[in-house]
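Structures given as structure tokens follow.
Note that subunit A is present in both complexes that follow, paired respectively with subunit B and with subunit C.
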Partner chain A sequence: MLHLMQMILPRNGRRSTQIFPSGHGFLVREWVFHAEGYLALENMNQLSASEALTDDENYSAEEEPFDNATLVQSYNDDMHIYDFHIVYSFSYRVPVLYFRGYRCDGHPLLLCDIERDLPPYSLKIQNESKWTFMTQEEHPYLRRPWYTLHPCGTSDWMKLLLGGDLPSKSPDMLHYLSAWLSVVGQTVGLRIPLELHDKSI
Partner chain B sequence: MELCSEEAVKYVWEGAIPLQIHLHESEVTTLPPPPPILVLGSRIGYLPLLVPLIKPHFSSTLPPGTDSVWFDYKGLPLKWYIPIGVLFDLLCAEPERPWNLTVHFRGHPGDVLTPCEGEDSVKWSYINSLKEAAYIINGNCKNIMNMSQADQFELWQSLVKGNMDDFLRISSRLKLGPLGEDCMVRSGSSLVQPRQAIGEPDFTGSGRPCRIPVRLYVRNISEDLDDLEDAVPIDCWDRISYINRPVEIHKEEGRLSLKCAMKTLLPEIFLEESLVNNHEFSREGETVGADSSYGDSETIGGLRNAQAEEIPFPGQAHVQLLKKSKIKMIRIQGIELDMDIPFFWVVNNLKNPEYFLHICVFMGTSSDQSTIR
Partner chain C sequence: MAESPSTSSWPSSERAGKILQFAPFQSLVEDGFWRRLSSLKLDTLGIDQSPIPIIGFYAPCSHAQVSNHMTLLAESLPHDPTMWSSPSEMTRGNRNRCPVPGILYNTNTLESFHALDRESLLKMEAKKILEDICSGKVEEDSALLSRFLVISFADLKKWSFRYWFAFPALVLDPPATLLNLQPALEALNLEEVESLSAACNEWRNSSSTADVPFFLVSFTSSSHATVRPLKDWEACQVDGQKLLFGFYDPCHLPNNPGWPLRNFLAFISSRWNIEKVHFLCYREKHGLADLGLSLVGEALVSPPQAWRDPQCIPKAVGWELKRGKLASRTINLADSMDPERLAVSAADLNLKLMRWRTLPSLNLNVLSIVRCLLLGAGTLGCQVARMLMAWGVRKITLLDSGRVAMSNPVRQSLYTFEDCLNGGNLKAVAAARSLKCIFPAVEAEGIKLAIPMPGHPVPAHESDGVLEDCKHLQSLIASHDVIFLLTDTRESRWLPTLFCANLNKIAITAALGFDSYLVMRHGAAPLVSMSDSSTKVEDMSTVVAQVDTSLTIDGDKGQRLGCYFCNDVVAPIDSTSNRTLDQQCTVTRPGLAPIASALAVELLVGILHHPNGIHAPGEIATSITSSSEQPFGILPHQIRGSMPQFSQMTLVGHSSNSCTACSSTVVSEYRRRGMEFILQAINHPSYLEDLTGLTELMKSASSFKLDWDNETDDDADV
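So, the complex of A and B:
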């Protein structure tokens, strides 16, 4: 799994920047692979609930080149910024999502702030299983409190998603991470651009 | 050698650290300041569980406001989710009795320490660790998820109260051990294959490795140190390398010693300096060597830079390994263990109630390279 993470990134460790506007959710920046063994997606701007446009599944207009002026316009105090890290768990043998959020002034977000940014279904689960869904844990490498989604079910639903046992070295493994992220991302409102799924390294 | 010694397990359950808890001076509002309080901290317990004993002693002197309790030892904020015995074994190179700690009721350092909201936080941290251990041993945590509320409650209470008999009674239903000499998990009289939950078909062949939950804490001390009392105290958690990684045992390996188990977790320590490892490992996305696999059974190869002060341990926290560093001491449940002791005995008798074996490793390093990132 660790090797997989290295394989999906080009040699220089950085992926090309992909930015796309969205009605609500995240503007994608870039992935960085850290040598200790985790993938980072940082400085993701999450528009707060009050800023979100009405839910709009039509993205055709949003494939146009992004206009920086638009970005400046939407910048305001309500904007929450998130960092996402994907870390490999040796115990569960799956990737695990760690994330943290902060306001524009750098102030860390409290759990109640983050909950407001969660998609409704996730919020429901969080309310029902406060201690076992999304908790604050020590980041395995940065050693600071980060939020994490519990990985105990990951292996099971990944098997469902990819259909059958995971072959260890077939090309399908290259898509493991984007498949995983497509599910986990929805939990925290992270939109994955389609290009991520198409690109075969 | 018997599989599981009740005497040894009792020893662990009854182990306790005498603590002398001082209130931080910034929170003392009365004169004379309150004296410290002496409490016994169970080795397998957690610091926040002692707060009900400690708080009444200091409550009349606390400044107004809401509590957010935390402890420190010589300025180092203590991680409340690490069992008290492990904290003591790790941070007190030379055991200090009583162990002098400072309690704070205000000013929790939320940027470095995950907050603790009382007994519930500790309980769920325990349950989540238990789930992780179950997943490692069985390949799933169904046995924990399927526990009734009553059983979960009783299990937790038995730990809080230090009631070993109650704990063993409930936990035996979880089918998490003990580990046999052949490294197969045994349950009562029947042999349970690893990763076989009750009622499920047997997927495992004899070649399937057995996985054992282990948490390793590595601390560097000076190689020339004669007296542990002189060890430089830890002032920052970055000085400790924490490795949360299961030990994998292949059945063919037969009887495993503690030393062999340590080799799987810290392979570099046991490599000869002159040995060039055959495994190729790349951190840059280059071709991965043929021997590596996607599982965590890969051995990390390549002393690529033998001169380096730091040998990266990919996928884990950087273990600060210096030239000629070697294990000076291994401490588990306060006992300094011989490296030749059978690993299965260590696991069965010295593990914590969440089924993790916590190992404190003191590495001897040359004194001119004692700074750690």
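So, the complex of A and C:
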């Protein structure tokens, strides 16, 4: 499946609209393929339930000379930034969603923080379905702890979703991915626009 | 430089403008950067505090409500320390990562962090920018205009990082004034808009220009736009061509350009002598040029004369504010970087997976707070301790009086060869240390203590010491929730059994024969009538108060489950002297200890999850019992296994009123007379038999001349 991903999707860093000039769908336009072998959707901004950040700093008594060319800005501490990666799991032979979130200052979000950002239907899905739960794992390429939706149930529910047997050499990889993403995305609150499914590939 | 006729073809307003205000750059440091810096400090830099060249990355704004940041990633730090002398070797970026050169001053202490002269550091970087402008370097490498500075202090013990960014901007005096600013869609005509979009997208999609953040846009008279690098300036001086000075704008605001424009204006005005600058704040959406978000503006700029002096140190601003105030920022990454914490969360994750996937009723909380006391740190003790840790138990105390012998490490899984040397380390202490090596977050303690045993009389001069030991043992049992009886003699289990019965503590016994094993849980405390309650409170005042004597009836037919001694008809006696060597050392098939230990811990987990806890009735395995009834299956009382048969069976035994360890007779006598009773039992084994009526029982039994199947021939103890 990984090779198919490489065939369909563009080279590192390039927008995939090159390959699909019709500007095909949310999925392909935003995700970027990394040469190491994963799809990335990064810098998704998410307004969080605003947290009162503890003010534990000693502020400098000194003042910089006032510069009237600098805009005095309101700061938005409550913006969380998320990165999503789709990685192929060789042991489970399915795509796996890895994600992480961090605050504006780069501080990584814990699982409980992320759960608070999720829309209510996501948490409902996670609690009710025995096939979806979030765990922390080491990102296979970046070698750092990321969160992931555990893949152990994926091939089971993909079979149910797509119905019948999955053709093993299907060129319809985008169809597979978008179907997969439509389930998995809901669990993490990623909205997949409807037109993605209407357009024939 | 020649004057620039191109600007005259712009419609320009002559009205006095207001001061042009720039939105400051915002920093974002990914945790990967701090990890790399930590490894660099630990592996290469040590105490070296020389400045480190770094690369920051940013991209044009891609979101109508959120500005982009100047980001530091792991890749921002140089790989090869020997390359540090040539920081101009730039990393090739891509369209999402425009590389910008920066410098990092990382200090070794918080004091030296605060002692850094921020003003002069800022001026030094500003001077470099001015030099690059005057020398022409900027036309070759425009990202130099956004050169930045970071000061930091990395506390590698606490994994906390204090840092402060500065984005040096050359101050114009008088400041630049804004003549007009509007979305590009409104400032340009339709053909210009279309052509500009196409030209920008091409620039952004070409790998050689995608990461070049400053550029020229020239429009022909027929509204055809081309994007050109800065060094093509001369070539753009063509009549009839309009020129826009474009840059990647990280800012999203509709009324203000981003920070990079500051130095860009300084550069344009001083290098090319242009007073009125038409600029393009280039912003994107969904990876394509968005000319509604992008802004086109016109500013009046007059650079100070002083800048022409090569020795000039320009005035600069740019220290990043924290929530509007001048302060450094801190980030604490202990949760994701401290390896001990990572070990804890990984171990917890394992258990959580169990809970999520198959065992939703698993109570991880109770497992993490239960306090376990292991009497004996031998084959059984070592394995029980390991199994407890595997289940997430964190509080483990081991008790043993011995030292690690040469024969131990192969069978006793917490010891190594080193523990045997020089007479051998104390077992309890070595075991606790080993547990911490396996899992640093365990709260393990090892205590050297010999358990006083009936049938091993105590010489008078030692009786005080033995008394102390008894009290010590009792207080240990009182301060734990679960007691595992894992010693290698029968009689050593007597006193702990009595104490557990008295205090209603969960007690689990594991005992090995040569090729068989017994694992059982003791029943709850016996019912003791109030008249037996002692007025002597010196030994156990606080302890007795905790015993709820009303809850001494177990669930099963009102009879409580038995203890290890309940089936005995003789009191524990000295079983160790007058035996051959092989009988004195516990000789068992090696496979038994791990099996019995594992069962003992699984039994405990079952008890902890049973609603009745210690009072849970004993169940036996039947073919009818379906496992889906209870998540952990049945909760047996006794498990007896046979290695030769590769089989095991579950049994239930009720308490005996004549039990020498847990019957109400014995417990109430203990409560009445305390340690005096204990000593008597230790020194006179027949005393217990008399007390419980076993003596009577045996007399009457032998008078019938019945064939006693002496159940004390348990293989359960050698």
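By our rule, the second predicted complex is superposed on the first by the 128 of 201 C-alpha atoms of A that agree within 3 Å, B and C clash if a C-alpha of one lies under 4 Å from a C-alpha of the other, contacts with A are read in each partner's own complex, and residues count from 1 in each chain.
The working rule: contacts are C-beta pairs under 8 Å (C-beta built on N, C-alpha and C of every residue); 3 or more make two chains touch, one makes a residue touch a chain.
Not measured: the values here are computed from a predicted model.
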Query raised in the report: Can A:141 be said to touch subunit B (first), subunit C (second), both, or neither?
Result: first
Query raised in the report: Is the number of subunit A residues in contact higher for subunit B or for subunit C?
Result: C
Query raised in the report: Which partner does A:161 contact after superposing on A: first (subunit B), second (subunit C), both, neither?
Result: neither
Query raised in the report: Regarding the shared-chain residue A:106, is it in contact with subunit B (first), subunit C (second), both, or neither?
Result: second
Requested in this report: Using the touch definition from the top, say if A:133 reaches subunit B (first), subunit C (second), both or neither.
Outcome: second
Requested in this report: Figure out whether A:88 sits in contact with subunit B (first) or subunit C (second), or with both, or with neither.
Outcome: first
Query raised in the report: Regarding the shared-chain residue A:152, is it in contact with subunit B (first), subunit C (second), both, or neither?
Result: both
Query - Set of subunit A residues, in rising order, touched by both subunit B and subunit C - result: 13, 108, 135-136, 144-145, 150, 152
Report summary line: Listed in rising order, the residues of subunit B that touch subunit A in the complex are 79, 110-115, 120, 124, 127-128, 131-132, 135-136, 140-141, 145, 213, 237-238, 242, 244-246, 282-286, 288, 292-296, 298, 312, 314-318
Query raised in the report: What part of subunit C is in contact with subunit A in the complex they form?
Result: 19-24, 26-33, 35, 62-63, 65-66, 68-69, 94-96, 169, 171-172, 175-176, 205, 207, 210, 253, 256, 262, 286-288, 317, 319, 322-333, 335-336, 342, 345, 349, 352-353, 356-357
Query raised in the report: In their complex, what parts of subunit A are in touch with subunit B?
Result: 1-4, 6-7, 9-11, 13, 33, 35-37, 88, 90-93, 108, 131-132, 135-138, 140-141, 143-145, 150, 152, 156, 168-169, 173
Query raised in the report: For subunit A, which residues count as touching subunit C in their complex?
Result: 12-15, 17-18, 29-30, 32, 42-43, 45, 56-60, 62-65, 67-73, 75-77, 79, 81, 102, 104-108, 110, 130, 133, 135-136, 142, 144-145, 150, 152
